[in-house]
Amino acid sequence: MLFHVRMDVNIPHDLAPDTRSEIVAREKAYSQELQRAGKWPHIWRIVGEYSNFSIFDVADNDELHTVLSGLPLFPYMDIRVTALAKHPSDISSG
Amino acid sequence: MLFHVRMDVNIPHDLAPDTRSEIVAREKAYSQELQRAGKWPHIWRIVGEYSNFSIFDVADNDELHTVLSGLPLFPYMDIRVTALAKHPSDISSG
Amino acid sequence: MLFHVRMDVNIPHDLAPDTRSEIVAREKAYSQELQRAGKWPHIWRIVGEYSNFSIFDVADNDELHTVLSGLPLFPYMDIRVTALAKHPSDISSG
Amino acid sequence: MLFHVRMDVNIPHDLAPDTRSEIVAREKAYSQELQRAGKWPHIWRIVGEYSNFSIFDVADNDELHTVLSGLPLFPYMDIRVTALAKHPSDISSG
Amino acid sequence: MLFHVRMDVNIPHDLAPDTRSEIVAREKAYSQELQRAGKWPHIWRIVGEYSNFSIFDVADNDELHTVLSGLPLFPYMDIRVTALAKHPSDISSG
Amino acid sequence: MLFHVRMDVNIPHDLAPDTRSEIVAREKAYSQELQRAGKWPHIWRIVGEYSNFSIFDVADNDELHTVLSGLPLFPYMDIRVTALAKHPSDISSG
Amino acid sequence: MLFHVRMDVNIPHDLAPDTRSEIVAREKAYSQELQRAGKWPHIWRIVGEYSNFSIFDVADNDELHTVLSGLPLFPYMDIRVTALAKHPSDISSG
Amino acid sequence: MLFHVRMDVNIPHDLAPDTRSEIVAREKAYSQELQRAGKWPHIWRIVGEYSNFSIFDVADNDELHTVLSGLPLFPYMDIRVTALAKHPSDISSG
Amino acid sequence: MLFHVRMDVNIPHDLAPDTRSEIVAREKAYSQELQRAGKWPHIWRIVGEYSNFSIFDVADNDELHTVLSGLPLFPYMDIRVTALAKHPSDISSG
Amino acid sequence: MLFHVRMDVNIPHDLAPDTRSEIVAREKAYSQELQRAGKWPHIWRIVGEYSNFSIFDVADNDELHTVLSGLPLFPYMDIRVTALAKHPSDISSG
């Protein structure tokens, strides 16, 4: 089941640089693990912003919340989720 | 080059049903032709709305405007375009 | 799987009264059939507005869009969908 | 009498972890006590956000404000209350 | 139980003048009957707008919705309801 | 002359508890003195928020600003003022 | 007593040109009469918009509403009123 | 003197096609005459919208309003003007 | 050339009281010097807010930015500028 | 390929003055280098604000994000990017 997610990152300016680097590194590893598992099939940077548009492919709403609230950057992000359905013009599925 | 596009459709209630059906049919054909050409790789319905999120893959800004302003439903849509860049965590390209 | 839905109804003032009554009657029947089927467990009127908050219980996003876009009043409503997950403080399930 | 409530939690990043844990624990106990008393019949997590939609069933406006302003997280939340009435299509009450 | 209500009136410009006058006259009679019954203790014009702030004193949410949806101008108004509680600094009741 | 005022209080979390208590106590005394003088005839708590709707009855705009900017909580509040006029449906004055 | 007023004019496109011209002419005469009476000391066009910022000098809120609701263009305008007080840095009065 | 202008065009769907074409043609001629005169040095299409960002170079505010309100599409556009000053990092003028 | 300016002041609560007083005193002197020079012909307090509406009369956009960015409170203010033109109904200039 | 960019700068008040000066100086050098390279053909100050409107001319979306995220002030700015296309009325290119 697909969901569209927008994430806007706002890390406080007074966070210690080491802590910041460590969180950002964990975020990257966490994201790539989910990408490899097929649960996070797309992630795009929004040009000019510390933000992304992503597509998630999960079993249900609860799994999506578990995945998102487990993001190392979750405490520093605004996240907006939009449920997606198949579009009648979409040729991708037969 | 990738762009994120949100389209919200607002067809006037007093449009003649035949005209409406004809435009919607042309829209579908137009969209599918662009999908087959690889220029409109993703289109998703936003659940509960007469709206979609789409990803376009075009040569440049001018081509994107030509494609979007040629949509049969263009006069009846609100469209918002967001330029996308590769995300540093994206594993898809290499 | 649960979703929170807000519906705001805006029927054009120039719609023929008979047409209006007929659509509203079909809307009510459609809603009650879904309530009886367990797919629309809650519907509340927002005081002072021609609007409701509803909870839907469906198999997935596609079913929800099918249900919502089939509403007889769909062409006259603004609908906003929010995906819901189990709350960690919720005592209702266990 | 039913009310729809949205709560968005914003705990300051510099709150001491122990204080934070203690407040969150008290919030959970407070919520569950009200759920068991029948005053807070529904609470759902909004997917991807540190937020919930809740339904309260209280005697009147004053009781609702007493309940909400007594939440341990009240100083850290944005709360929006919407008064609910019975919907004419609702089959739940005979 | 008290509620704060804002009403913004938007009568379509093409409504027949006689119909308009008749509705406005019925609205005034309806309002004054509720004022005399003690259910609509305050109504103020917002300077420069075809709008009012009102205070309603009703038994519960359902009564308030019945009263508001019965307004002759209801189809032409945007209405926003806010539940009120006693303020701890208020000297008026004791 | 009547004015509608909305006040939203945002006291910084790091204000010393004693300072906070002292300001809140002065605010209450200040408000009640104005209520007794007839200049602040109504104050209602907005349910679920640290906010109020108030009605002020003052000689002119300058007096209202003097009164509001003298509130002990003024540095911590967002205040919005709306000028009120007599409503043509109001039965209260003759 | 001074008030700041913003007026945005939205005349429907299908209003008969003669009716439109007649209303606009009456609006101008009405405005100039109030300017000569000292009640409308300033009116400025907002560059690029069919809008103005104005300053009114009236006895009280009721007079302002009478003046504004008497504008020939009142049914076609959005009006926002802001109460003004003397600024402590203002050198103009003494 | 430079100004930044955003124009959003909303031509009513029921405008006669001939009238529409004639206005759009006059708009183009009017714009190009101003471009040749050096008063409208830049105009860009916003991708996906019937809108433009423009830069105007005029003697003063009054000239800008005369130019903008003379646009054949003026009755069908939302226009927002922003005054521009030289930027301290700008290398273009010496 | 006239401009309408709205200024909203937000001085951080943790600014040292002496620093604050000194900046506010300099702001007043700066404002009054510009008033005496005829460049700041009007300043009004917005009732209930730490804000003002002002009218500036300057040679051009660059002078206005120089004046505004030189305000001692500039780092603590949100400023919105609107270019003004002569209104066709204005009787003040002949 | 052209893009319209709005940048709003918000440097925290508690940043050390030396650090601030050093970042602002680096920002200026960075901007001027890109201007000389033809990648940042226009930059204008928005009157009254610590903001600019800019036009960028880059090869593609990825280059634009690289340029913008490399701005020394990037951590302290809100940036909004709009893709631009050639306008059909533009006389500048043949």
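Annotations for the structure displayed:
In this document, chain identifiers A, B, C, D, E, F, G, H, I and J correspond to the written order of the chains, with residue numbering beginning at 1 in each.
Following the convention adopted for this analysis, a contact is a pair of C-beta atoms (placed from the backbone, for glycine too) under 8 Å apart; a residue touches a chain by one contact, two chains touch by 3 or more.
Source: prediction; values computed, not measured.
Repeated interface, listed pairs C-D, I-J or E-F, reference A-J: I-J, with more than half of the contact pairs matching by residue number. Chain centres here are Cα averages; for chain A and chain H they lie 39 Å apart. With centres defined as mean CA coordinates, chain G is found 50 Å away from chain A. Centroids built from CA atoms put chain I at 28 Å from chain H.
Of all residues in chain B, those touching 2 or more other chains are 2-3, 45, 47-48, 61, 64-65, 81-86, listed in ascending order. All chain pairs that touch, listed by label, are A-B, A-C, A-D, A-J, B-C, B-H, B-J, C-D, C-E, D-E, D-F, E-F, E-G, F-G, F-I, G-H, G-I, H-I, H-J, I-J.
Contact residues on chain F toward chain I in their complex (touch as defined above): 3, 5, 12, 15, 61, 64-65, 68-69, 75-76, 79-81. Residues 13, 45, 47-50 of chain E are the ones touching chain G in the complex. The touching residues of chain C, when paired with chain A in their complex, are 1-3, 60-62, 64-66, 81-86. Looking at the complex, you find that chain G touches chain I at residues 2, 4, 27-28, 31-32, 35-36, 42-48, 52-53, 55, 82-92.
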